[in-house]
Structure formats: C-alpha cells, structure tokens
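A, B, C and D are the chain letters, set down in written order, and residue numbers restart from 1 in every chain.
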Amino acid sequence: MRLSIQAEPFDFGAESASFAASAAALGAGAVVTFCGIVRDNDGILTEMQIEHYPGMTEKAVASMLDQAMVRWDLVDALVIHRHGRLVKGDIIMMVATASPHRAAAFAAADYLMDYLKSRAPFWKKEHARGDAVWVDAAPQDEAALDRW
Amino acid sequence: MRLSIQAEPFDFGAESASFAASAAALGAGAVVTFCGIVRDNDGILTEMQIEHYPGMTEKAVASMLDQAMVRWDLVDALVIHRHGRLVKGDIIMMVATASPHRAAAFAAADYLMDYLKSRAPFWKKEHARGDAVWVDAAPQDEAALDRW
Amino acid sequence: MIDVLYFAWVRERIGVPRERVETSAATVADLVAELVAREDRYALAFSDLTSLRVALDQELSTFDATLAGVREVAFFPPMTGG
Amino acid sequence: MIDVLYFAWVRERIGVPRERVETSAATVADLVAELVAREDRYALAFSDLTSLRVALDQELSTFDATLAGVREVAFFPPMTGG
C-alpha cells in the first residue's frame, strides 16, 4: 500500500507496470488502474492549480486506502495525487488496486475514486483568459458516495 | 480503438502510458485499465495454455469494443489478449478505456472484462504436477453479463 | 460440405482440431446427431450439450439454429477468457 | 488559542491561509459567529455555510461539533479532488 501527494509529475506507465509486477508476485490475478487527466472543455484553459491541505490530505487518503484494503481484501492499493500547477493533458492522479479477482479490484478502484473526488481535501482552480475560477463540486460526485 | 490477439508478451506499463497519452490528446479526462495475471492458487502450476479461435476471437472482441465505444461514448478503447503458453505471474491480457468522465470509463472497462471472460473464444488449461485441466467457466461470470 | 472445428476439451475428445464433413443436416442439432452416430469419440464429446457452445461462421449461435448457408461450425466449452 | 486554516475561495475571501485565534467558542458555529462579527471579509466568506465544510484536527466534522480539545480548525468549500 502506498500513497504519494506530490507536486512533481509521475510516470503513469512506469507506476502501473511496477504496481502490476509487485501485485503479481503477491498473488493478484486482477489489477485495475485509473488516471485522471486535465481536460480543456472550451479550448481556453491556460492552467489548473490544485490546492490541498497538507497533513489532512495524507491522513484522509491513507484512511480511504485502509478501508478499501479491508473491505475488498485487496492484495495492494496505490494512490498518487498531484497538487500545484498543471496544464491541459497532464495526468493529475492515479489509483491502482490489485486483488485475486476482478470484481474486487474494479469495485475498490471505483470506491477510491469516489472518495478522492469528494472527501480528500483538494481544490481545483481553472485559469482561462485571465480569469480564474474554482471548480464547483458536482452534485453527482456527492451522490456517488451513497453507492458504498 | 485497437485490439491485438497475440502469443507474444506485451508491456502493460508502456501500453498504459501510450494509451493515456493519446487519450489525453483526444480530450479524455479519465482512463481505466485492467490487467489479468496468471495466478497459482495452490503453488503447483507449471504453466497455463490459452487456446483461442483465430478469426472469431478478433471478430468477437472487435464487436465488444464497438459496443462499448458507442454505449459509453468513449474517446478510445483497447484490448490486448495473449494466447499460447504462460506461466505464473505473466500478464494474460489488458483492457483500457478512455472517456471525458470516470463513470463511463469504469463501466466500459468492467463491461469489456465481463464479455471477454464469457463471450470471447478463449479457453485456459492449467498444467500442474503432470496433470492438465481445462479451467471451468465460473457461474458468476455468466451471471455478470446480466448486469449490462 | 461444411468445416467443423473443435476447441479445448471438445478438440481433445474428438482428436482433431477441424475436419470437413459431408452432411445434409438441417440444424446444428441434426449435425450433432449425425456425428454422435459415427463414433464413440463424438458421442463422448457431445454427451452433454448444456456444457457446449456452438458458433456458426464465427458467431455464437444455438443448437436449434439452421445450417442453411453456413460454411463453418465450431463446437467448444464455455469460454474462459480474460 | 486555536489555529484556523482556510482553503480555496475561503482563503481568498479572508485573505490569509491561516491565523491563530483567541476564542472561547464552544462549537464550530460559535467560532464562525465570532469571526463573522469581526470583519466583513469573514462575513463574506461565511455567508453560506451549506457551501462550506469544516475539519477539526484534520478530520471532517460538522458545524455543531464541540471545539473542546481541538487545536486546528479548517474551513473550505466542497472538495474537488481526483
């Protein structure tokens, strides 16, 4: 189990590969990964700034990982989440889960994403055409938590 | 959209990275990947042989990909599936899906896995201690199709 | 003439991966009945049709389907991909 | 004395990321009332509590929670991670 909250970019491919290799050695039969990417819906985004709450972020994410490990009896789980300045096309974050069977790996990754969206203290601000706007939380993201 | 049915190993990390990079360029905000790994429950597996139906396999998987692309309005999707001889810890196959939002990427990857399990013409045979046994289809894999 | 393909343990029981079969069977079930009548190895492979699947020209089908116009029939156990 | 932290647009409206506050407020709501009474920038930041979240010692909490023993209070909008 590993989590990293970092300003630096990370290598999604290399992280996926090393996660899968170590999960394989631990007896996993199924690995699910997710990565989130900065989008630019209107073609005007100059940058995204992600603020977070150092200390609480790590505690909140560690708690989600613990919950997921126990609830789905995972072999391993990983969260990497960037903060600071990002631009269109940058990878914001990734989740990976490993389990003997696919249903648990899918459910745990889906759960981690829902909780990271709405319960980890990150806030996104989009800069475009000289304006900067805090991204509103989507009602469906809050509602998604009721699934768990 | 890409599919490859192949005997050769593939690089899950490199495939994940290039899929995410091209999806990002196409406006995706969410990428989900899955990889399946040869397990050895009892510590006695010497090898796994995967047989397939050349021709039908490609048609069946292409049809699943088409269905997923349309149903979830995906930005991109990928299936790579090996056949032939594999050993414990080898990556058997992967799926990747890309979408503007995470719910569609998760659902499409989950759907593709359910269909690959039960509707793509692959058969696994496990060799252990001189015995070779065809893997039985799991009833829950057939039942999983009812979700879609 | 029709190409008949076998996979996994169906192939192993019948002993060949494919063969050309001279038949006038109207349906898949008729073809199976003809094969079963030929030799024990077919009877063994087709002893429980509920554990078998059939594809016609590389599309999953059913045992009551017609063979009219079909060039390739494949028999195999439930698939175990992924 | 308690550490009060602000994030995202709450931080921007109040103008500082954190401050030490001398207070004897019993609950989070009492603390908010004290801050709002101080200056307009607090009133602006706390004008709609339904759009705010609060954490006590880095755990999500609620506005009716007690501040007894709490060292760090943080106010912020709904999170938008992932």
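The rule is simple: a contact is a pair of C-beta atoms (placed from the backbone, for glycine too) under 8 Å apart; a residue touches a chain by one contact, two chains touch by 3 or more.
Small disclaimer: the values here were computed from a predicted structure and weren't measured.
Engineer: Suppose chain centres are the mean of their C-alpha atoms. Which chain sits farthest from chain A?
Structural biologist: Farthest from chain A by mean C-alpha position: C.
Engineer: So the centre of each chain is just the mean of its C-alpha atoms; given that, what is the distance between chain A and chain C in Å?
Structural biologist: So the centroids are 48 Å from each other.
Engineer: Report the inter-centroid distance (CA atoms only) between chain B and chain C in whole Å.
Structural biologist: Going by mean C-alpha positions, chain B sits 26 Å from chain C.
Engineer: If I count partner chains per residue in chain D, which residues reach a count of at least 2?
Structural biologist: 82
Engineer: What positions in chain A touch 2 or more of the other chains?
Structural biologist: Chain A, residues with two or more chain partners: 36, 102, 113.
Engineer: Let me know each pair of chains that touch one another.
Structural biologist: Every pair of chains meeting the touch criterion: A-B, A-D, B-C.
Engineer: Could you pull out which chain B residues touch chain C in their complex?
Structural biologist: Per the touch definition, chain B meets chain C at residues 36, 51-53, 55-56, 59-60, 81, 92-93, 113, 116-125, 134-137, 142.
Engineer: Mind pulling up the chain A residues that touch chain B in the complex?
Structural biologist: 11-18, 20, 23-25, 27-40, 89-91, 100, 102-103, 105-106, 109-110, 113, 144
Engineer: Can you check the complex and tell me which residues of chain D touch chain A?
Structural biologist: Chain D reaches chain A through residues 5, 7-9, 11, 55, 58-60, 74, 76-82.
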